Each structure stands twice: as structure tokens, then as C-alpha cells.
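Per-chain residue numbering starts at 1, and chain names A, B, C and D are given in the order in which the chains are listed.
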Amino acid sequence: MSLHDLRPLFERLARAFEEKRDELIALDGKVGDSDLGITMAKGFAAARDAVSALGAASPAAQAKHAGAAIAKAAPSTMGTLMGTGFLRGSKAIETAESVGTAELAAFFAAFRDGIAQRGRAKLGDKTVLDVLDPIAAALEAEAARGTAPEPALAHAVEAARDGLEKTRDLVAQHGKAAAFQEKSRGLPDAGGTAALILAEAFHAAFAEAG
Amino acid sequence: MSLHDLRPLFERLARAFEEKRDELIALDGKVGDSDLGITMAKGFAAARDAVSALGAASPAAQAKHAGAAIAKAAPSTMGTLMGTGFLRGSKAIETAESVGTAELAAFFAAFRDGIAQRGRAKLGDKTVLDVLDPIAAALEAEAARGTAPEPALAHAVEAARDGLEKTRDLVAQHGKAAAFQEKSRGLPDAGGTAALILAEAFHAAFAEAG
Amino acid sequence: MKKFLNRPEDFVDEMLEGIYRAHPQVTKTADDLRCYVTAHPRPGKVGIVTGGGSGHLPLFLGYVGENMLDGAAVGGVFQSPSSDQILEVTKYVEQGAGVLYIYGNYTGDIMNFDMAGELAEMEDIAVRTVIGNDDVASSIVGEEHKRRGVAGIFFLYKAAGAAAAQMMPLDEVARIAEKARANTRTMGVALSPCIVPEVGKPGFEIGADEMEIGMGIHGEPGISRSKLAPADAVVDQMLDRIFAEESFGAGDAVAVLVNGLGATPLEELYILFRRVSQRFEEAGAAVRNVWLGEFATSMEMAGASISVLRLDAELEPLIAASADTPFFKHVAR
Amino acid sequence: MKKFLNRPEDFVDEMLEGIYRAHPQVTKTADDLRCYVTAHPRPGKVGIVTGGGSGHLPLFLGYVGENMLDGAAVGGVFQSPSSDQILEVTKYVEQGAGVLYIYGNYTGDIMNFDMAGELAEMEDIAVRTVIGNDDVASSIVGEEHKRRGVAGIFFLYKAAGAAAAQMMPLDEVARIAEKARANTRTMGVALSPCIVPEVGKPGFEIGADEMEIGMGIHGEPGISRSKLAPADAVVDQMLDRIFAEESFGAGDAVAVLVNGLGATPLEELYILFRRVSQRFEEAGAAVRNVWLGEFATSMEMAGASISVLRLDAELEPLIAASADTPFFKHVAR
């Protein structure tokens, strides 16, 4: 059940981040500057609009336009990182006609690596990476096993939830939260929460596609 | 008994200020920076040397070279003012072959006026002017009466001593002493003391000339 | 906080408004005050773009002008500009020969310039990057890639700007900038902190008789805090550190920049330079170009930095070339 | 006292040593560090000499160079140079066309320049004098001759320097300087004091949230001390005072100098200029030339001044001409 047209995915992402707007604002507000809900909602709305304006195009082209739109609309840390993720992911599936589990695995591996390179954070630094890495790992394992996209993404969501839960025990090393040090312990990472929302939306889009 | 060659006068001035060096230092030190004895001794030594190096010359030329030498050797307030005095005095006797009471009167009037113009002090401001003015006035009166130079200068010295005594009651308005305000009351003005020494040396030089 | 400002949150944009009103040679693009570009881009020339946080005038935008840079993306005080702003500046200065990014080694800036470069490449603009990292106090030898970029970036601008003005191709201009980077070393010393307008109070303290050698231009910790020493001794401490990495002797030639961090009077910079000059004289090396003044500041921070660029036959004429920006002028002689 | 210096009594001479080491375009005469002159006097040109106390860099010596001044006699911190030093500088810059003195309205300076002029005339050097007195805060209308000379003297240097470079005769150059003088007005505001090195502590205090409008560059009392107002309001207070003496309307053209007193960051000067520009815009007058930066400082004093020169057809091209000194460069466009 691979997807060729990603427009429904971006519709769903925009809706999801709009719904979680206040939740992300509150979370980022505890050890940050409260902008995450706003920037994510803005960024994914812009991505949806860019992809829909693009019309029929390859999955890679759609992801690329989405990434550029997010970076432009949301010039915050997470906006830049999410934009980077989509741009790098797009390159990893450049020649793909449609997106199946193998492409999802390649996409999220490049997504994670791009963000790691751009942000220079390490695993365990309490960032979005600590949620993206389990997502990418789960998809890679499922792709190797030949699992279909929907159940593969279901596993990825579980892995993301797990990863996010584990960020509670960590102390932030980057961005505005780093200034709060020990105060950040006990809270899930805000960027990681955004990554979980991302994975959930992917899953829902592929589930809907059947 | 007019003087044509002023070299003996400048010899005497240099000697007088050398002798009064420490006295002037002490006086300037009470409400100033203690440099007056040093600068006057330096300035008039330089004047003596300049005039002696000049050789035979008109009284005006001798006074002019003396003034320039003082200004150069002693770049303090009183050095500049004394230099100005001699330069202006020199102009006032430009055509004179020798210096009698009329020339002395013209010289000291220009001396006083030059210093008044340069320093912008008024009478009563507790400066050298408060001693120079009685000197110039006395000489003017004596010249009008036709008195000979020696007794005329003797009166001028008396007037200077009087003027200096009166500066004790004044409060300094200019230069470093001004900062001491009331503390300057009771003391004779240091610059005025130098003017008295000047008048005394003039008197002695003309007395010696006979 | 004793500053001339209206609302702290308008500090950067009102400053920019003042700059545009004062200097018609520069303008904004993308209808964004913070996308600062030359009003006279030169067709066929490699465009050079810089950017970074505000609060460092004349850094960064001050070097946009003839024979130097073509655009600067302007961030908030001590904050990176956005990748989008960098991209807009990039698109404006692209004149068919590609674009070189030169900026300082700070995470936020790297993230946003990299992102902008990636977006620009997608629009078929060739982009190269050289990252200034001249602050020897900020990492040991062998870890130079971690060093902060401070005032020495001026030499990168000067050399690359002159190269681009000679219509060299992108890779050549990048090579020149890279050579200037590799040969530039800076040591700084801070005497007092500065105040970010929206914060309203100093972010750190330095004792009344203390100095901090090696402190960063945002107040990053230095390598030693001690009693303020006489000027000659301060210079010696700074230069010893530079000379330990790069030795200079007979036949060597350098350019020197003595930079005030903000509040330190020019008089004192010349007292510092006097000793710098003596040291190179003693070493037998020639100081060919000297600049003194404020080239990279931290608003009202008191302190200074000394940057040294080792010259060779290629860099020397580029460093000595004329330049004319609203904030920096040099007349070749 | 947080200053980069060695012995306080060497402050001025070590600063000068640094300057001579940095800038071969200038040199000393009479074997006296404090007799500062151009290394390239131009035969037949009127020489322009300035001078005054140290602690105001780039004032006074900073304007010695091409198209500006020929020499400066350098005093101790906030002290006049001696008449002898002024005379030596005068003799050096005399190139057969006479010498113009331009300096600020302070008793010590007047006494020594007058004296030097008198001595120079005795050596058959024609001397003219124009005394800068632009500080409108220092005396009321009708008593302009009592006003202090502050940053606005820059306009006198610029106009007279360009006139001399055009080989105008002495009386013409003096007339131009006098015209610039009569048309220049300055208002200053101070936020913090400065420290004379040999004294070691501030000579006066300004409260933590106070400003003093009209304070002199040596800390002379101003016309009002009040709570620090927003930047726009500060500019309005200053310009209202200038506009009360000189009205500017449609068809009028001015040059503007926004000068930092020492510690105030350039960012803030641009915020001030933004409002200055708005005010002239509202009045319908054209701001033809703008300079911002440090032109006349009081070491580390925080504060700023605004100088306005009314232009006419004669002054405008002189003000706009190129100039090149170690401390000030302007490229005509």
C-alpha cells in the first residue's frame, strides 16, 4: 500500500499540528520560549499549501517543497530542523515513484541524519533526535522484514512514544531549554513531542490510504 | 638716565628669578601646582641667553626676543603671559632708541594690556594683573610729571607692593588657584609676586645704570 | 540599563531604519529590514554574504559595500538570522557567479546558513562556505574547528571581497577566504560586560579590578581571570598565546587589527598597539597593514582584541586594496 | 579605573607613539611627540593647524591628513598644548601661503594659540584664527562667543580642509571656516562620566537612571539633568533647542553628525539618527551628508551629540569632498 501522492499526508500533518498547537506551546513554555506550537502549526500549514500549490509531482518533489516552506515560514530551531529533515528525506527518495516501507525507512534515516548534522546534537542530549532515531530504527527493521507501511509506521509510533518517554530522564543540552538544566528533567522534550506527532500523522495518512 | 642696552636688565631678571625660585615654588604650591618658581627661573634664564645671543640691537628687538624665549622655555600660564607682556611691550617702544620713563610707561601699559587681553582676567580676579596695573599706572603718572626712570621705577615698585598686598583679600578666579576658592584668601597671588619681582629688577637695573 | 532606545524589542529594527536612512548605498530586499544588501550589485561578480546576531556593529552588515561584501542577514541581538532571510539575501546577491558565505562559528548561524545554502542550491545557486574561527582562546590546537569567530573575520571579508571585485570565480574567492581564515588568529580581553536590550541587565560580571583574557564577544568564559595588568603586560599575555601557535620572524609580514569591544577609548587601543608593534619589531617581522578602532563590538563592553593575519604574496595586495562601505573605508596608497 | 595603560603619566605620549607606529602618513616635528604633522606637506597650500587637550580621539590630531588638516599640537589630557608646540607645528606646515588656526573655544587653548600666532607673525608667517563654538547648550543666543567648541568643529575642518586643498588663499580658507562655524550647531547629552588617567576616578557623577542634556566634553555642567527618556524624546529635546535658533524648512539642506562620546554603541547612534532624520523629513529639509560614529569623544564617557551644519552652494561641495586621514576617510560619490 505505497503512497504516490503525499498531499493527504501534508493535509493531516497541518491539521495535527494545528490541533496540538496549545499543547506544544505549554510544553515549550516550561523550559523554553513557548513558540514551538506556533512555529510548528505555521510551518506545516505552509508545507500543506506549498505541496497543494505544486500539483501532481513526485513524492521527492513534494517533500522538498514542504521542507523549504517549513524553513521559510518557521525560522526557529525546530522549524529549521524540520525543514532540513524534509529536504534531506526528499533527496533519499529522489527516484522513487511511490513511498512504501523501504522508502519510509530511507526517508526517516536521512531525516534523522540531516537533523543530527545540522543541529550537532548527540543521542541523549534531550532533543528531537532522541525520538527521530527510534522512528528511523523501527522503520529500518520493518523494511528489512518486509512489513507493509501501515503496520511499520504503527511500530514506529510506538518506538517514538517510548523514545519520548525516555527523554524525561535526560537534561537538555541544547537550545533554550539547556539554560534550565535540572529543571528540564522530568519533562518530555518539546521537539521530541513534535516528532511523535509527525510519526502519528504519517501513520494515520498511510492507514487512511488503506 | 635712559637705557639703550637692556642686557644688564635681563641679567638681573634672570638672577632675581633664580634667587626667588624656591619662594615662588612654595607660594604656588599653596593653591596651585608649585611650578611657578621653576618656570619663571627657566623663562628668564632663556630670555637672558636670547638677548645676549642677539648682540647689539634696539631695546624693542631685545624685548621681543626675550618674550619669545620666555614663552618657549616656560609653556605655563605665567610663562605665556610674561612672554606676551614682553612681546606687546616691545611693540609699544618699537621706534625708541633708548628707554626712559616715557618708554617705560608705554612698555608697561602695553605689557598689562597684552596680558589682560590674553588671559581675559579682570582687575580684582587675583591675578598678575592686580600688580601690573598699579605698576603701569604709577609709571604713566611719573612720565606725565617728567620724573627720571630710577625714581619713577621706585614708585612703581611701591605701587606693586601695595597691589600685591591687596590681592590677599581677593579670591582667585582663574587658573589652578580658582579651584581652591576661599582657601586662596589671605595669601598673596603667586603671579602677582612674580610681577613685583619683575618691577624690582627693572628698578635695580636702572638704579645701577645711574 | 543606560541606553538610547525606545522599546527594547524595536532595538534592531530601529537601528536598521537609521542605517537605511543614513546610507543610500545599502538597501533591504524581500521587503524585510533584516535582509540587508548593497544597492549596487555587480553583474557577473561572486556575491559574498555574511550574517549573524546584532549588537556587534560594525559587524556584520558594516562590511557590505564596494570591494567587500554584498549582503548580510541580520539577526536579533546575539541571535542568528533565519535561513529564510539568508536565502533572500543570497538570491539578491547572486549575479550569475555564485555566492560565498562567510560568517562566524556559532551553532545557530551554522544551522541557518547551511539550511539557506541547501535551499539556494535547489534554486541552482552555487554556494560555498567559509566559517571564521579565529579566536585562539576558545579551543586548543588540534580543535581549531571549535573556535569562535571574532574580529579576525574582517580579514576574511577584506581578502575575499577584493578577490571577488577582481572577478575571480567562486572557487577562487572561497580559496582566498579559506586561506585568510587559516592564517588569522585573535586574542581578546574583556574588562566589563554588556547588556542585551531586551534583557536589561548584564549577563555576567567582571570585578572592579579584573580582566578576563579570552572572553567571547557574547560573554563566553575565557581562559583566565586576573587582576588588570599594565597595558604592555596585557598585550604580552595575548601575543604570547598567538606566538605559541604561529611563530613570526625575519622575512615574515603580517596585518594587524586592534579592535575595541565597545567602550574602550581609541587612546587605549593605540597604547596597546604600541606594544604590539614593539613585539613584532623585536621578532623582526614586518607589520604591513594596521587597523585600529571598533571592528567587532559587544555594544558597551569594555575590552579589546588583537588579530594577526600572516600575509603572503597573494593575500597582501588583496588586504591592501581600497574598500568603501558606510562603516569601513580604506584608501589604497 | 579600568583602562589599558602603563603609567598614567605616560598615557598621552604612549598613545602618540602607537599612532606614529601605526600611521606613517603622519610624523612629529621639533623632535616633540606632541608636535603632530602630516608627513607630506603640500607646497603653496594654506596650512591648517588645530590642537587641544588629549582624551578626545579622533579629535584633534585625527583630522590631520589629505584634504583636511596639516598639523595638530597635542596637549595633556584635557589640557592645552603650549604656545611653543603650536608655533613649531605652525612653522612646519607653513608652505608659503600662511596658516589657519581652527580650535575650540577654551581659555587655555585661546591663550596659547594667540601667543603662537603672535610669535609666528614675528617670523613672517601670516596667521588667521577661527574658533569653534558650536555647543548651543553652553550659552544663550547673543552670547555665542562664550560657547564651547565640541564635535561640530569637524565641519570646520572638513570645509576649510577642502578649500585649502583647492589652493584657495588664506583669507578665503579662513572665510570658509568662519562660514562653517557660523552655521554649525551642536547639542550633546551625557549618560556617564569619564576618568582622567592621572586622576584615576570620575570627576563627577550622573545617577544610574539620569542623563544630562548639554553637558560639556570635560564634564562642564549642562542645562538639565533628568531621568533618561526614550531615544526619540531625547533627540526631540536636543533638536528643539537647535531648531529654536535655526529654523529649517523646504529648500534647506544640512549636513548632520551624530557623534558618540565614547562608550555609547554605534547601534544606539543609529537609533538616535532615525529620529533626527524623521525630524528633518517632517520639516521638509534635506539631509545631504550624514556621519555617524565617534568624532569627538571624552574617553569612556557614555553619551552622544548631534551637530547640524546648514549648507549653501559653496559649503556643500566642500563638505562632500573626499578626505583621507588615518582616523577619518571619506570617498566622494
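The rule we apply is simple: a residue touches a chain if its C-beta (ideal position, glycine included) is under 8 Å from a C-beta of that chain, and two chains touch if they have at least 3 such contacts.
Keep in mind that what you see is a predicted model, and the values were worked out from it rather than measured.
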Leftover contact groups, counting everything except subunit C: A | B, D
| item | value |
| --- | --- |
| Partner chains that subunit B and subunit C have in common | D |
| Taking each chain's C-alpha mean as its centre, the one farthest from subunit D | A |
| CA centroid of subunit B to CA centroid of subunit D, Å | 36 |
| Averaged-CA centre spacing for the pair subunit B and subunit A, given as whole angstrom | 93 |
| Computed distance of Cα centres, subunit D from subunit C, in Å | 29 |
| Touching two or more other chains - residue numbers and ranges from subunit C | none |
| Multi-chain contact sites of subunit A, meaning residues that touch two or more partners | none |
| Interchain contacts, given as pairs of chains that touch | A-C, B-D, C-D |
| Subunit D partner contacts - residues on subunit C that touch it in the complex | 2-6, 11, 14-19, 21-23, 25, 54-55, 57-58, 191-192, 208-209, 228, 230-232, 234, 262-274, 277, 290, 292, 294, 297, 299-300, 302, 304, 324, 329-331, 333 |
| In the complex with subunit C, residue positions of subunit A that touch it | 64, 68, 71-73, 75, 77, 80-81, 83-84, 87, 118-120, 174 |
| Footprint of subunit A on subunit C - complex, ascending | 82-85, 87, 107-108, 110-112, 114-115, 118-119, 122 |
